[in-house]
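Each remark here refers to the structure printed beneath this line.
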Amino acid sequence: MRRLGVFICHCGVNIAGTVDVKKVAEEIGKIEDVCHSIDYIYMCSEPGQQLIREAIQEKQLEGVVVACCSPSMHENTFRKAVKTAGMNPYLCEIANIREQCSWVHQKEKEEATRKAMEIIQATLEKVRRNEELEPLAMSINRNVLVIGGGIAGMTASLDLAQGGYEVFLVEKGPALGGHMAQLSKTFPDLSPAFPNLLAKALEIVSHPKIELFCCSELEEVKGYVGNFEIIIHKKATYVDWTRCNGCARCIEVCPVEYPSSFDRELGMRKAVDFLYPNCVPKRVKVTPTQCRYFQDRSCRKCEEVCPEKAIQFDQKDERIHRKVGAIVIATGFDLFPKERLGEYGYGEIPDVIDGLAFERMLSPDGPTRGKILRPSDGRVPKEMVFIQCVASRDPDRYMPYCSRICCMYTAKQAKMYKEQVPDGQPYVFYMDIRSDGKGYEEFLQKTIEENGVLYLRGRVSRVFQEDGKVKVWGVDTLTGKGIEIGADLVVLATAIIPSEGVKELAAKLRATVDKHGFLTEAHIKLYPVESSTKGIYLAGCGQSPKDITDTVSQASATAGKIQALLSTDKLFQDPLIAYVDETVCSGCGICVEICPYEAREMDYRRGISIVHVALCQGCGACIASCPNFACELRNSSSVQTLRMVDTFI
Amino acid sequence: MNYLYFPGCTLYTKAKNFDQTARNCSLLLGFELIELPNWTCCGATFPLATDNLMALLPPARILARAKEQGEILTTLCAICFNVIKRTNHLLQRDGEKREKINEFMEMNYLGDLKVLHYLEILKQEIGFSTIKDKVKKPLNELQAAPYYGCMLLRPFEEMGFDDKERPTLFEEFLESLGAKPVDFPYKIECCGSFQSVGSPEVATECAYRILTSAMKQGAEVVVSTCPLCTFNLDQKQSDILKAHLDFKTIPVLYFTQLLGVAMGLDPRTLGFEQNAVDPIPLLKRKGLV
Amino acid sequence: MGSSGNGFIKKAMVIGGGIAGITASIDIGNAGYNVLLVEKLPSIGGRMLQLSETFPTLDCAQCTLTPKTVETGQHPRIQLHTYSEVVRVEGQAGNFIVQIRKKASYVDWEKCTGCGLCQQKCPSKYPSEFDRGMGLGKAIYTLSPQAVPNKPVINTSHCRYFLEKKCRVCEKICPVGAINYQQEDRIIEEKVGAIIVATGFDLMPIERFGEYGYGEIPDVIDGLSFERLNSASGPTNGEIRRPSDGKVPKEVVFIQCTGSRDPERYMPYCSRVCCMYTAKHARLYKHKVHEGQVYIFYMDIRSTGKGYEEFIQQTMEEGILYLRGRVSRIFRDGEKIAVWGVDTLTGKKVEVLADLVVLATAIIPHQEVKALAQILGIPIDLYGFLTEADRKLKPVETNREGIYLAGCVQGPKDIADTVAHANAAASKVQSLFARYS
Amino acid sequence: MKIELSRDKVHNEFAKKVEWISGQNLFACYQCGNCTAGCPVAFAMDLGPHEVIRYTLLGLEEEVLSVNTFWLCASCLQCSSRCPKGIDIARVMDALRMVILRKKERRDYLQISEFPEGFLERVPQIAFISGFRKFLS
């Protein structure tokens, strides 16, 4: 018989206000193997912990139950405390009498007291059969995979590399920069976006600790925190980048032109081209769906003209294997697809464009060299309508959330428009102006006051073409009047959505996404950059819409988290996981199928199923599904569980 | 010390009693109000149209003439005070307009006169403690509600009279007379001003709200600093009675009238007969007349 | 890991023990570096400890925070200096010599067991700052029963011994003889390689709002006060009772942008958190007082975080009345508070006779930040927030190498953004230290 | 109920005139409504001061000039003293009066001849002098 101690916490009035803690302590103290049963106002406080430590030593306790708040709060606290008193920490258990008792039964004091005693008795049943366990130690790999070469991925990579860690940076496109490379200037300082970005990109390509994989995607990932094995799928560019020097002669001779998606279809690009001029790395890529060689072998002009013999029409995709200890997902965002916005004529009316397209127009290196010209006829628009919340804050039809950055970039765009076209009139339809970052409100008010941007509070119901103008039907809820504007150009601030393929990527990484496809953080307040899977971290708009400042903070934050994670030699994991009674296991494999963490695997040689200790999260699915009762969970055995249930019924 | 004094239209005519009382009280307090010679109307509103320099000429002239006679100009009427003080402020700050006006008027006034309301003279120059000492008939804890109105307080940056949201100067004055000032939220709300000419029913409603607010806080009398406010609050009570059947009348006094009572002036010289709501019964009850 | 060969000290100092400072300290500590955490109050936890629940999940703030404060207190690499202030900093990244004033607590913390007897017996009560003046504290006090460290200090401006040389009750009652009235401030000197400033925020005092009664109407309170009213550990044990007479308010008005977005009179910037916490307040109130009505005056609703917009919409659907417009004036009207506002969507003036008014006052930096910026040699903006090196790309760096910013000291932000910001600052410190290995 | 907007309309002569006379930037108004909230005569107004500013900005000249708002304004300056954007709203109200009173034809808001008998004798000078300045061409 073990010598057990029970410690009942008042949690101020949180528990003691409902549960008669004195009575509980007294009654529990009468149980035969309970050698010590006391109550105290705050067990988690230092004097409370001291009470536990002293009791363990004085009464030579062999098991401890702390009746207090949820184990997610203070299980660690008390396990550490008993350990310093020389007890194995896994002999300490929490009986949750706050969340599961006092808080929900505030009006039923007697019943709550009785229930508290039952919860404690059940927990005692568990402790009576708990084993002494040691945390599992695992070696770790110190390299890091960063997925996404936008400002988030770039920032995380550089921070990690500067911290001395090897980084594999995987970017889907042919160059770094992400959406930030498409921007003209950034709010609220109106500093040009590109120069700062370029400096970072150049630092990345020259950094000895960063290996950059462009035109690449994560194909496969196995393993667990500290020990991931990854396969990177590097797609053929049909150009030998070790030879290409970015001279651009191939681009000059390429006869195929098609709308550039980087320029949001406002400009043209060639079948062999840079992602954008001055991109990093400054290397060209052949687009096989456009290239005549790949259509009918009719053209090899680029190959002929290349002084470095870099064109390789027979280049093949590569699969590259790497091992990493942690992974950052920085996959960024897309804009809501235009095909789905019928009422705004988007996609049909050439002079209705989205915010990114307008950014390209404003960029000095963009399709119009920074001139604001409407796509249909190249004229300077004099009546300029911006519409915010397009597909955002629209729970019934589109996205319920706020896209967070549109208010500010619209204000910036309106300001830049007015500066370029002083006799033009910008109108902004908005619902609420959200300028909540540092210096944002000031920027916005200045824009309205000094640039005469007309803000109209209300949505736009319809946009259509008439008499060479784009008719906009909106409302100004402040006068309560309908508004009609014959616009020359309409810019839609469309909703930010997670970039394509994030769902599949998340599934590969066992990270979770919400119903809109944004990656889910471990805790919205306290763990905003951790995913729910250990070793997987989130940076940037893949987690939720955010501006550059917040993205950079978050990216640095992931780098910090990872450095802390990888700074030790071993990772320790709770040993409260499944194990197999090899003598009972029949090797049916049901558990392998059912395990959500790929922690179960068949050992065909021995004809049994085994447990990967590092992958197992102790969820118990295999235990419930095993027809032979061959699996058990450490310190939550069937016997323990049944005894606990017996206490209640 | 004597002070240059600008009476203004109303105090010179229809509210002569307010003016006379102030002059008499001043003498009892040891100074004299010297009427500005050849004074003209101040214009009765400060022009809010920024392009209207014409309306600034009368107050500018008053200021320039006063400056020839002394350093401080005082008024009793809150509106005159507002117009003259704001014009002074503008002439001080706006070089361009100052030049234009000086040129047009063939004068050279720099905006360096000190413009004080009579209450400010009492506080800053005489001192409320002195007044308290000189009071002959302390007001016996008369529950008096000090109504500031708008013109003394706003715009705060130009008038600098007292805190614009919760002024206390008037209360201090009443306390020095032995009254018990009643704080009431409407003491800084507008009485309707010249709307008693434009939209009398609106002014009536404003007066109703102010008076009921004061009475709710236990006021026995409302005291005002402006002849127009006094008119709106006092003379309009008969109109209020027609619009609000539950309304009870309350005497409204000009501050100099109350000062006169406390200084022991003969009540017959205070012009109570001109008050629409007779204050005599109240003052009798308090043993003040 | 201490100092490397070239004298670069791999130890960080974090100034401010709120959620930002705690997060940064734990991150740096977990990375294997030593941390000095300096907090001016007697215990860590900061503003978050005053909060009841947090948006948008309505999680209990204390329950989220306490494990973190406990972890900080027990972390082998974090050394706490509470009730302390940084008074001097010299040197440069890798080798800052810092002086910390450890204020006299008049309690020997080495001896003190945190038993709490002294607080129980102390006869001197006064309005507690932690409870925003609505509850009573003692002259010898800890900020909360779960304080980390759980050691009391004596407030000399309220202690009878210090005021009149009488009493000495705490000294008599203390079972370990820890009270020491003779204790004096001490200056200690430490060497650190990097510094994170995380001193948090203050609220613009309601005494500054003349049009709202200069803080003299007892039932006009600020957002933090409402947090305390709503908090289970607060002065009303979580019941919504108004300060003046303890009645349950049935008409509650919330006024956003009080002192924010007001370039002419107060602060031009947006305080970023008020829209969300006001919506949260409204909901928590409504959950407790079903028959009550909430009115929220706002200018623009700013719910830009993850799940925030959804939270706001839900709030409206629960019957909370949002009125788009400012409030011009508040004054007492008998037992009620008259609120003169406007609904710009109907264009009408709105008058509400409220039982309780909650002002979402502007977030401002602590007064002491100015002096601290001078000590650290880093720039400060017009309003007293510390300035980051680059608004976009270096949001946690300052223009001095080795000094970083975390949380609201750089500008108003909510807990999630503060934590990410603090994580980022910690990351920069780790990178800095790693560069010198 | 409907406004057709164009840049000419936004930069309409009427709004410009009001801005010129008042010296205020109407674009600075962010429609918080503080002016209306604190206005002592708002109860009798057709439109609140904030709405008048909005209507003016949008060039709704006829509608604005037909409301009683600026005629009811008593220039008490409560709105101006509390405007978070520092707009002197009372000046905007006066400017609107001026727009009408300064027209070529006399546009008196008050007809002295219609005053009740003995009215002018009863009312203090200050009331009708300031009233005449505000209401007469």
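Read from first to last, the chains carry the letters A, B, C and D; within each, the first residue is number 1.
Keep in mind that, in the parts below, a residue touches a chain if its C-beta (ideal position, glycine included) is under 8 Å from a C-beta of that chain, and two chains touch if they have at least 3 such contacts.
All values derive from a computational prediction rather than experimental measurement.
Compare each chain's C-alpha centroid with the centroid of every protein C-alpha atom shown, and the nearest one belongs to C. If you average the CA atoms of chain A and of chain D, the two centres end up 54 Å from each other.
A straight line joining the Cα centres of chain B and chain D is 26 Å long. Averaging Cα coordinates per chain places chain C and chain D 45 Å apart.
Contact with two or more other chains is made by residues 30-31, 43, 50-51, 78, 85 of chain D. Touching of two or more other chains is recorded for residues 164 of chain B.
For chain C, the set of residues touching two or more other chains reads 211, 261, 263, 344, 347. Each chain pair that touches appears in this list: A-C, A-D, B-C, B-D, C-D.
Residues 12-14, 41-42, 44-47, 50, 69-70, 73-74, 76-77, 80, 151, 155, 159, 162-164, 186, 188-189, 191, 196, 200, 392-393, 395, 400-402, 404, 432-442, 445, 477-478, 480, 518, 521, 523-529, 543-545, 548-550, 552-561, 563-565, 567-568 of chain A are the ones touching chain C in the complex. Contacts from chain C toward chain D in the complex involve residues 211, 257, 261-266, 299, 324-329, 340-344, 347-350. For chain B in complex with chain D, the touching residues are 8-10, 13-15, 41, 43-45, 47-52, 55, 77, 79-80, 150, 153-156, 164, 188-190, 192-199, 201-203, 205-206, 209, 227-228, 231, 235. Against chain C, the residues of chain D that register as touching in their complex are 30-39, 42-43, 47-48, 50-51, 78-79, 82-86.
Those residues of chain B whose C-beta lies close enough to touch chain C in the complex are 163-166, 185, 216.
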